[in-house]
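You will see chain A twice below: alongside chain B first, and alongside chain C after that.
Up next, the complex of A and B:
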């Protein structure tokens, strides 16, 4: 007989005519196009794929489906890549992780010898005394334990995008059941989205020797325009409202489906025996996937360990692949004896032997009481041990969505239903290709019928009939019987976290005997695989040790994500940060503006020298772009009534053409926003709101308009209207040059509104004094803003006009003692304490904040917002903002605004101080840079207290 | 939280398009498990306030209508 293992295999996913090269730890490795990184490495002779989390034990390729932690590597700087499903690419740089100096020779393996000193929960028990040792220990443990390291120099990584899809029925999994479900739903007329995580449809038919031809007709149905098929798409979460979270190359997918059918198949589970994690031990299906998908033979001489008929079948399949079968070890009393290899029934593996790779297995027979018969012990040389367990449903998504599973006849099967959700095939615990296809077809028809599509056959009785025929045998094998007597320090339940059977027994003995506390204490199922390889085994061990029914023990709660997801994918779409620019943005840019973010807006902070900008406004004239202000027009018979109810002050008595400052509170009496309002006519008002609150104020007005059903229309003119504030003693002269309006003090007094043309542009002019000088806020259509601004700048040139930015405005308004809501106030500030009591018209019967403010008024103020001066020299006053006001070392208040005032030649600010300490002249201290600095309360406004300059 | 709200103007939309505006106080008691009336604002849509009746135990939306048409 020729050596059949010399014949090359043809993998379904690979193109053997094209090869590529990547770098594996500084040496080149050749792969075939389409082959996974791990398969290429396996073909190149690599057997140690990673070092385990805690003991640094060598781990080899195990599941070949992306379900276990054994093949995680660093790929192009990205840690924890599942190399068994990640296609190799030209030029990739691949490294193993969690090992020093290398995964082949890892000195940290020493921990494996000291496992007695690292029992379950050791980090809760040791190193707490002496206390100073803890930080050192914690740092060391974090360094030694764990997965990959984030390479901060790697990247830049491509930005992930979010895609939203809507469909009638989302089928997750493109195996036989999923294809049948999709085809049946399509036949009934539904829209179907099919998500398949692998690169091709077909599921286990692609590798386990089924009948691939049978799915061809189903695949043809998917050509329908109502079908969308996405391969290479992994669903990781099934959320409320049938929202499916999935990722694929390039980004995140959010699918909203009216119905979800989960057809994610099943997966084999590891067996528990000493050293069951040695490289060379693989899931039987993993061996098949490696061969049929990637064209790589996993070994030359294999032993198969099984507890069902699948073992004998696998042995036949491996023999066909040219792998010599040394033995089939069947843990059952009776099993099929096929092929020309020995089959050992009632037997089990006592131990896997070998150092960094499997050399042999030691096995023995058990007697009727499950005890090992010592005389039957023997050793069989092999380089591959295939584990063929009864497949367990891949049901994480179903569990997340609330479907319950319970053990019935040795299998975990769905128990009960969830609206809008169903399962078919292996995920529902259904075994056998025919049954899986049939169930898929029936569930697809059922889902379509629930959504109102006409199904051409009686699927209900067919489904009932199906369930009857596929009910599990009442008395099956006891779940987990192979666990009986092989508790050992090296029998690994959880490959991710290095948790052994012994660890679980120890944890249960310490009282953590509930599956959820057992998980948290031992960390079983908390690793990257999220319990796919250990959840059922942990449950079975817990059931055996506690003597409880496995159905009572259950499994731990399944939560998203079901598979590891790159953080970059989850961050997709979060980078969207809108930027708003005023119509004058590019003028400011050209004038050398330094930018400031104000909400979403870009505003000029200054044009280089804020101090001289302040002087220009005080001595001549300045111009600032205030287009970011919220601008709202109210039209309707109830306009005044709405304002009366949401603002603290009165509006009903405001005369047309006049302006009033207004402040509004929340229902709790907390300061919300301020601005000015002008009356345009009997039932027409024009309001401004602060830049950051413009949207919130508009929504607030609409909310209460609708709640009270007031007859008023609200127009948000924030974006469509530009505004600029011309301020300074010379502003009247500048304005007079550009308009035919009478701007004399008598004809256009303080707090008046006029409408007219300025530089040929139709404008609203509001005579205001936020910065404390004679000034005009000019509002005009945004499209004319540039023209108007330039006209003002030109007309003002002869008067020394300077554009000024937000920083100069802050200083100017602070000199006037004006507070800024949100800067000088917070979510506890009320208008009484803030010195705005004069605005609160308690004689109004109804307004937001009336009741709480009445109570606060009765209680008297506890703190006050006051003006202060600092006489000590301060280098950068703005840095003092936020400093605590202290009294005998205890914080009693804080500084909210601090600036150097060029006008007053000193450092001034606003601060919250205790009411008892708020009289002008009182000295207080604030804490800054480790010392207490004195300041004194002074009356506000600091500048022009009588307001002569702005009213002139 | 991931459910759909049916805007009377725009139809069924993701809840993330809306801003929550608080429960409408009820005479029978507030902040209780079960259906409650709430204000929602269709921030990323037609920008109008609506009322949704939602079972806070299951996030099932039982119905929506304009706030201005809600019984006071």
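Up next, the complex of A and C:
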């Protein structure tokens, strides 16, 4: 495909000496460097750019600013690309979307013929009965409607990065007002960041025939080292605390500014008349952008429809571009006649004519009561209809940040102020280049002054004077009246969602007469444009139909993102989940560990065969990496007192060198964490906490240390200290080979702590028995963990040492009947019901949970955590965890831990059952796979109930 | 012989590092050659593992007295201040909070740190060696701030001028950033938990392609004036 006509225009953005080729629906298209995809396609004769959401009506280029949905296409596999602002690149693959078999000949256009049967909200009313019909219908609707489809084979797409920027003043918009604001703030000494979504600064001066030379001095100011200018950067959200969300090629920007000045300009709005969506109908500024930025003429013979002086001005500009002006249709009673073309005042367009492109417009005059005068109807042939409405503020970001707008004198203007935020130019409803530049300058100075910079003039008086001079006339036009003058089922208010004036009228008649409920029911303003092209028109329709003032009706709520943002951009910086690795991670990896995610930690679940790992620990010796345990040292005269208050049991009487198991509760008496504590000296303790609660326990201790003003220093050694548990009947012999410490039972008994070197590494050794065997938990600096682990593995080889993982550890501890807080308990579990009442020392005057536990004790237990055995065969016991304990079909408890015990040769577990059913020997049932399975309560520990093996 | 490994040792080994031994620590001398690594860092950003360098924390009410005795009225007298002094080798004193001082040596040997504290009058502080608690990563080169801006929302200009430190969220985890005083290099040290070192290191490498980030061995780091 080649361009049908020469393009004599010179677009600011294009380099006419360089061309490139991309593929459009398998055909090559030539574009000039810098030209947008849509502009190149338009130059190549393409007029149908997309098919509409619901009725599959043909849609053509409309706004040329990325604001409307009419040019969305699939580019290199990425759906919904706004091709009017997306630069063409060599080799791109471009396709139209939402049509079958093609956008030019879309058979789904048939829906447009049956629109009477698809009224507003039809999916809430139809196809719901019989019920089996709905899934079929839903599938069909989803297939037919909607936007593009994600090409799962496309990519890989570049990874977006996130960048954090800080500045005094962030100016959003590089048009005349934005440049003036930035220049004034810089002149006062502030740091300024200017974000401009286009590739060049200048805003509307680049295309609408303004005075570009006037901004050159402003542009020069931006050379200051305190200025940072980012073109091609689109702000999409203005969040609390003046956080500006923006994106540019390759990434997401998070800008934190002390003050934000929004200068995003204004935009023309569509008019409402039958078939107002035909290809060939464009916003006036869109036509200018296409010509002046991309060097493409939008048509040969144009009609201009307007409600302000801009229409006549545009007609002159189009004539200068070589476009024949067929007529100017001015909806006002009077309007300027600036050229040798007919101007129809008090007139409006009755209908656009054509099939897939505009062929003519039918117009007529109105009488004093706004009624059409039939005798004045006539048709004018044209291929371009330019819509020139009074511009509306592009104020989405301001609305997001809490600034309110209200209609004044026919314009939407800011109503009130928001600290740290201001607006200038078109975004503030200011019209005219001189006024926009002046307002920008004043707002820039104001912002700098608020931040404490010296401004060399009385900006307050100047601002007051400016506002006085630019206040709208009290008797302005009736806002939006012209937009909503004609009701027809083909007058489209919302181009994104195919919502017509008729739809809105019907929705209001059904009771959805508030603008927000109207939005939710009709989906007006819920499409890709997010209300930029339809919010004001919908408000005007609502105001007209309900007879309310537009100021009362208001507009729909603006929420971020204000413009479409790639999901990849939003995910920037979130692709990675933090991963905590123990110092032995790579050893486990090399040994073939299967990984288990425990919060951010990676833990070896097993090295292939958990059952043989269990047997190794029971019969010989095993080694497990427990570096993930929380490790906290307490130093200070109040260390014991702090422990007395946060744990249930006693600590003050613990002797140096001895260890004690401890449990802590919340103030409500709910189990919070458990672990062991060792006394290192009179004022020094060393605690362990569970992997999942390590950080929380440290913070908990800090909180209460500070609350009670206790004199104790807390050292978090979790990351810096590795820990490994050497357990099994042969563990003493292995350890003896590597240390000079006396590890005999007499010298190093159960629940004792020793410090000394193991394999040359300075260590703390805790004699514990979590897995129910003779065992030593060895703690050392993380840097030496690898050395120590390898030494243990080497020394243990002769004794059959095997590393074991978390799965084997869970089986081993279950055989001992040890509970795991967070697995066997939940946010309602208390120590009395969990069988830990022996630890609760009510004779202590103060500890967390004392009062609620006293009350619970008086009430007696409602349920109990008990051990049980399952005699029936079960395929995968772990799958039973969480199953409900049932009594006559009612849930009365649950299984928390279930495993097959290779030591005991059966399936064992822990379960919460009613207290009355907790006696050993009691039978209960749990629900699993649609049946009730019997189990019986047994005493715990299941294995070595006297504890002889761990105390030997 | 007792071998101490940094948490990034296995990454260095997997990427062809040649190791040298210092005070029992296995340190990456260079991955390719020191000259080219230093040249790349001077043009972009160098990334060096300084986890092995000794670190000592002082906690408690007496920290102010220790700082006064050790450094006088230097910047470390106030929270978030960083002062440089010598204890044989250069040392950075980072005042994290009123009652928390972190001493960072420029070598793996902690003896110098302990020695200098031995001469300080007794004060109610708890000394604790935290070399294995914090992994250290040094970013050096003209684009250091460009890289940092991708991972932290901290205002680097206002909140981290030369001679300051700041605890902040970095790549989604808690970190301490230290900018030494009067450095002729664009240099920032990042300290994170030992267990998070590999995650942060990989994030820095993967997220910074456009800044041409280069792993830098100790020989290259020396060439850059460390």
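Please note the rule applied: the second predicted complex is superposed on the first by the 941 of 952 C-alpha atoms of A that agree within 3 Å, B and C clash if a C-alpha of one lies under 4 Å from a C-alpha of the other, contacts with A are read in each partner's own complex, and residues count from 1 in each chain.
Quick note on the criterion: a residue touches a chain if its C-beta (ideal position, glycine included) is under 8 Å from a C-beta of that chain, and two chains touch if they have at least 3 such contacts.
Quick caveat, the model's predicted, so the values are computed rather than measured.
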| item | value |
| --- | --- |
| First, second, both or neither for A:256, with chain B first and chain C second | both |
| Partner chain(s) touched by A:784 [first = chain B, second = chain C, both, neither] | second |
| Partner chain(s) touched by A:239 [first = chain B, second = chain C, both, neither] | first |
| Of chain C and chain B, partner touching more chain A residues | C |
| Chain B versus chain C as contact partner of A:582, first or second or both or neither | second |
| Partner chain(s) touched by A:703 [first = chain B, second = chain C, both, neither] | first |
| Touching partner for A:223 - first (chain B), second (chain C), both, neither | neither |
| Chain B and chain C contact sites that coincide on chain A, given as residue numbers | 164, 256 |
| Residues of chain C defined as touching chain A within the complex | 2-7, 9-10, 25, 52, 57, 59-60, 126, 128, 130-134, 149-158, 171-173, 193-196, 198-199, 203, 206-207, 210 |
| Touching residues on chain B, where the partner in the complex is chain A | 1-4, 14, 19, 21, 39, 41, 47-49, 59, 66-68, 72 |
| In the complex with chain B, residue positions of chain A that touch it | 164, 239-241, 243, 256, 699, 702-703, 705-709 |
| For the chain A and chain C complex, residues of the former touching the latter | 159, 161-166, 250, 254, 256, 573, 576-583, 585-586, 601, 627, 633, 635-636, 713, 715-721, 760-761, 781-784, 786-787 |
